[in-house]
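In the part that follows, the structures are each spelled out as structure tokens.
Look for subunit A in each of the two complexes below; its partner is subunit B in the first and subunit C in the second.
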Partner chain A sequence: MRKFLIFLCLAICWVVFLSAVVEMPPFGDPANITNRHVVPRYLEEGVEEGGASNIVTGIILNYRGYDTMGEVTVIFTALAGVLAVLKREDVKTSTTMVATSPVGPSLIVTTVVKLLIPFIVLFAVYTILHGDVSPGGGFQGGAVFGASMIHYTLIFGLLTYMRKIRLAVKVPLESAAILSFAIAGFIGLFFGQKFLTFLMPALSHEAQYLLRHAMLLLIEVGIGVATGIIFGSIFASLEKVERI
Partner chain B sequence: MIVQKLGANFNYVIATLLFCIGLFTVITKPNLIKKFMGLNIMEASVFLFIVSVGAVREGSAPIVVKGMEKGVQFVNPLPQALILTGIVVAVSTTALALALMIKLYEQCGTLDADELKGMEE
Partner chain C sequence: MAGVSGHFPILIVVVPLVGAALTPLIGHWRRRLCMPWAALVMLFTFAMTAFLGVRLSLHGPIGYHLGSWEPPFGIEIYFDYVAALTFVIALFGFLVIIFSKRYVEKELEEAKISTYYTLILLILAGMIGFVVTGDMFNLFVFLEIISLSGYALIAIGGEKLTAMAAFKYLLVGAISSLCVLLGVAFLYSITGTLNMRDISHMLTLTDATRVASVALALFIVGFAVKAAMFPLHIWLPDAHALAPSPVSALLSGLVVKTGIVGMIRVLFNVYRINGPLNYGPVLNIMAWLAGITIILGAFFAFFQNDIKMMFAYSTISNIGYIVMGLSLASYFGIVGGLIHVFNHALIKTTLFLCAGAIIYKTGYRKLADLQGIGKKMPITMGAIVIAAVSIVGIPPTAGFICKWFIILGAIEAGKPVLAGMLLLGSLFIVAYYVKIINAAFFREPVHEITEVDEAPASMLIPIVILAIGCLLMGVFAYAPLAFIRPAVTGFLR
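What follows is the complex of A and B.
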């Protein structure tokens, strides 16, 4: 009865939504208001000002660089929150269901995963490095990289993962995204411009172009590495079981 | 007439439907993980909605290649950039919520919202 009432309320809500949808501008029309405001400028000047052929990358890292810096901080804070609640995995006290299970992973599964992991990581590297000329970028490549680590941990257990990716390597890399943003931001200050600007009028045209590309690449790699490692860390601390 | 307009805005119709499904899940399911999955469905609906706002019929991906002729119709890149941000934040909140749920399960032995209500003391 209660469920039915809720269903009824939401159905009414949906009808209200639909009445709004009828009034919306038609889907996919180039003349829509959303496609006319700032977007033409992004599309015309984006390659020159943003420094990337992929305009989405230009917008994320250049026009809305502060936003992305905040977002990187959000992932980092999420990791900090997860670790504050669950603690980091530890070789002495943690184990996983995989390690304690009486049935080991089958030969087929382990072989396939071992064969597959290098290609997944290769694809992640490609996605990160090609973010400015093709679809992709730091977050997408980082997610693929993190997925490869999660994939590996699921089959081989947490202990093998901890042996492969040590804490001394992992902990500094988790802050790579914020650090790369800070470094790229201070380049602007160094040339007497604002923080995180990509326009340096003091330099020649070619030097600016090169510097912009270098900054984009630095930020992309930083974001990619940090996102992947953070996803792996979050998964490891969710996955671990305290040894009794 | 109305049906025609709804058909033209099919993506928005589906986005609103997904939103309602997600809200229904959040309200009716007692299990906290299921509640959070409902919240994720709601997030997905919002992402679908905002990306659809930026879609352009027959538009190509917003990647400018050298030697491309002028006047190519591109898809709106701004919503895509915003949603990329949104997806990552959604992942972060999901991770934090799952961590809290694991702790809650360790402490209380249940994830059922109705049972947890009686455990407040």
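What follows is the complex of A and C.
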């Protein structure tokens, strides 16, 4: 009976959604309102006014930068949420499964990981810095950076990770994305423009473009570093085992 | 910097956001400074919202184009009459932070204190951002910040039951957020824009009304979950009752209202539900569901023993009033609903903070255990009585005017049955608040609570301020109308 009711509900939703989808404009049609109203401006002027040769980056950092600021806050909130439930790992009270197991990782594994990690981090840096010309950017690069730390912690144990990346370094870097957005935003205010404005008419042509590039880079790097560190922190608080 | 006040519409969001990002740093340096820091940030934000409120009443709505991009190309913040609610959010947020100090020191592990204030500032920043934004996708982003920090704040106590309640909320909340996101996507596919006022204009041009209707349904379902409307209320009682009390006050007083504000934005700002386009019986369905919400919430509240559980069910019932008022779509109905958004926030924050003070002092939360508490904690229980009388709606207090307006609205809209449902719900509400007052003042104590005295000053001051607020809002019941009347006139235009 219950299954039947669930099926019935889903069937009704399906019919309703289908009836809406049928009426939607066909995908990819240049006559669509989505391609006529806001988007042409992005495509035609995006590189010039948006400041990034990759239009997607221009939209997420410049035209809709405030949304991205909200998104980095969501990531920061996720970390705060994990810490609220699980607490942060602590040198005094935490240990890991790896550290407690009688058999440590083999020489081959540790050597390979040690060799691999610099390349993963290099790729992360490349992805972060290259975000404005090709697909990529802070979030993606940050995820790769975070993966490198997770990889490291898995093999060498949480204690080594805690010794390598100390709390005094980790805590400020976790807030880096929001803070770099705020700093970039306040630069606009300083020049009498609106929050998160990237072009300051008060400056000379060249200085404007240089400043905009610096601001975009600041934000990209801030997002990348914060995302990576946050990934590591979330993993560490999941990985830790309370010492009894 | 003479022009700083021109940036207040964005600063009221960014200041608490940056404050939240800096809280872990401050907590890492000196843990005891977290609370003064959070309070300072909120006080500053409150001052800015007060300034904006005054400017709004003098010069009308204020638009702010982020990144200097004119809408619809960039994101717009639109500080209109509904956004005046930020004033309430910042003020109550400040009071809750003051109240939290002693409560958190006792109830939470020390390592979690800085996380607690971070999350409180995040949820407040999220709510302020949600209320002032004029952009559909931005609305979703801030909804996510509110929801995520809400889940975490419920679970921060660390007990199994609270984790369960938070998880239940997480599941239902995630689905509701997805509904809202899908709704935004549907709207974008037929309007090609995300700016609310632009969408509202484009909707009159499009012929894809079925897509628009389905999107409307998705929004209503999504926000109805956040607002805890029947039958999507199941997550609320556990989540609000089991969370730490200052968090319950925030969740019940303010966070559920984001669902209401979302509905207002969608129904009146985006869809212009009273306008020329016909979206079927949406408002009728909502009105009837709201009627059921009122009666069910009040009915279940009556059978609770736990005082926080009672207040939580009472929130459901009161959300019913607000939604009923809005969905009547008549002048009096909407005015009543909007006043109740404000008054219920005031009353329910008072009630949950009082419950927090009682639990802090006695450790008990069941009504049976708390018999005779009124003699030991006269100020706290006095505040509960004031709030209870207000929420019941006895004439000189805050609750009367909203219920009166909503009943007038129901009659104006030609739906006297709904007015009857509202009155029936009120009857239940009287019954269960009489139960609380009876137990607190007219029963002999069953437990040795003789050594219990009044709560500490940092808890009493917010409680007393809020209780005086309840009384004042009864006398100056028409004060919020300065913002509500132009808002409603805008909706019904």
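Points worth noting:
Rule of thumb we're sticking to: the second predicted complex is superposed on the first by the 211 of 244 C-alpha atoms of A that agree within 3 Å, B and C clash if a C-alpha of one lies under 4 Å from a C-alpha of the other, contacts with A are read in each partner's own complex, and residues count from 1 in each chain.
Definition applied: a residue touches a chain if its C-beta (ideal position, glycine included) is under 8 Å from a C-beta of that chain, and two chains touch if they have at least 3 such contacts.
Everything numeric in this text was worked out from a predicted model, so none of it was measured.
Of the two partner chains placed by superposition, subunit B and subunit C are both touched by A:V74.
Of the two partner chains, subunit C is the only one that A:S175 touches; subunit B does not reach it. When the two structures are aligned on the shared chain, A:M24 is found in touch with subunit B and with subunit C. Shared-chain residue A:V56: touches subunit B; no touch with subunit C. By the document's definition of touching, of the two partners only subunit B reaches A:W14; subunit C does not.
Once the two complexes are overlaid on the shared chain, A:F191 sits clear of subunit B and of subunit C alike. In the superposition on chain A, A:T34 makes contact with both subunit B and subunit C.
Looking at the shared chain after the overlay, A:R88 reaches subunit C, while subunit B stays out of its contact range.
By the touch criterion defined above, A:Y126 lies against neither subunit B nor subunit C after alignment on the C-alpha atoms of chain A.
Across the superposed pair, subunit B and subunit C both touch subunit A at residues 17, 24, 32, 34-35, 38-39, 42, 64, 67, 71, 74, 77-78, 81-82, 85.
Here subunit B touches subunit A in the complex through residues 2, 5-6, 8-13, 16-17, 19-20, 23-24, 27-28, 52-57, 59, 61-66, 73-74, 76-81, 84-85, 87-89, 91-93, 95-96, 98-100, 102-103, going by the rule given at the top.
Residues 16-17, 19-20, 23-25, 32-39, 41-42, 62-67, 69-71, 73-74, 76-78, 80-85, 87-88, 90, 167-168, 171-172, 174-175, 178-179, 182, 185, 188-189, 192-199 of subunit A touch subunit C in their complex. In the complex of the two chains, the subunit C residues touching subunit A come out as 3-4, 7, 10-11, 14, 17-18, 20-22, 24-25, 28, 64-69, 72-75, 109, 111-112, 115-116, 118-119, 122, 125-126, 129, 135, 137-138, 141-142, 144-145, 148-149, 151-153, 155-156, 158, 163, 166, 186, 188-194, 202, 206, 208, 210-211, 213-215, 217. Residues 2-3, 6-7, 10-11, 13-14, 17-18, 21-22, 24, 26-30, 32, 34-35, 38-39, 42-43, 46-47, 53-56, 59-60, 64, 67-68, 71, 74-75, 77-79, 81-82, 85-86, 133-135, 137, 139, 143, 227, 231, 234, 237-238 of subunit A are the ones touching subunit B in the complex.
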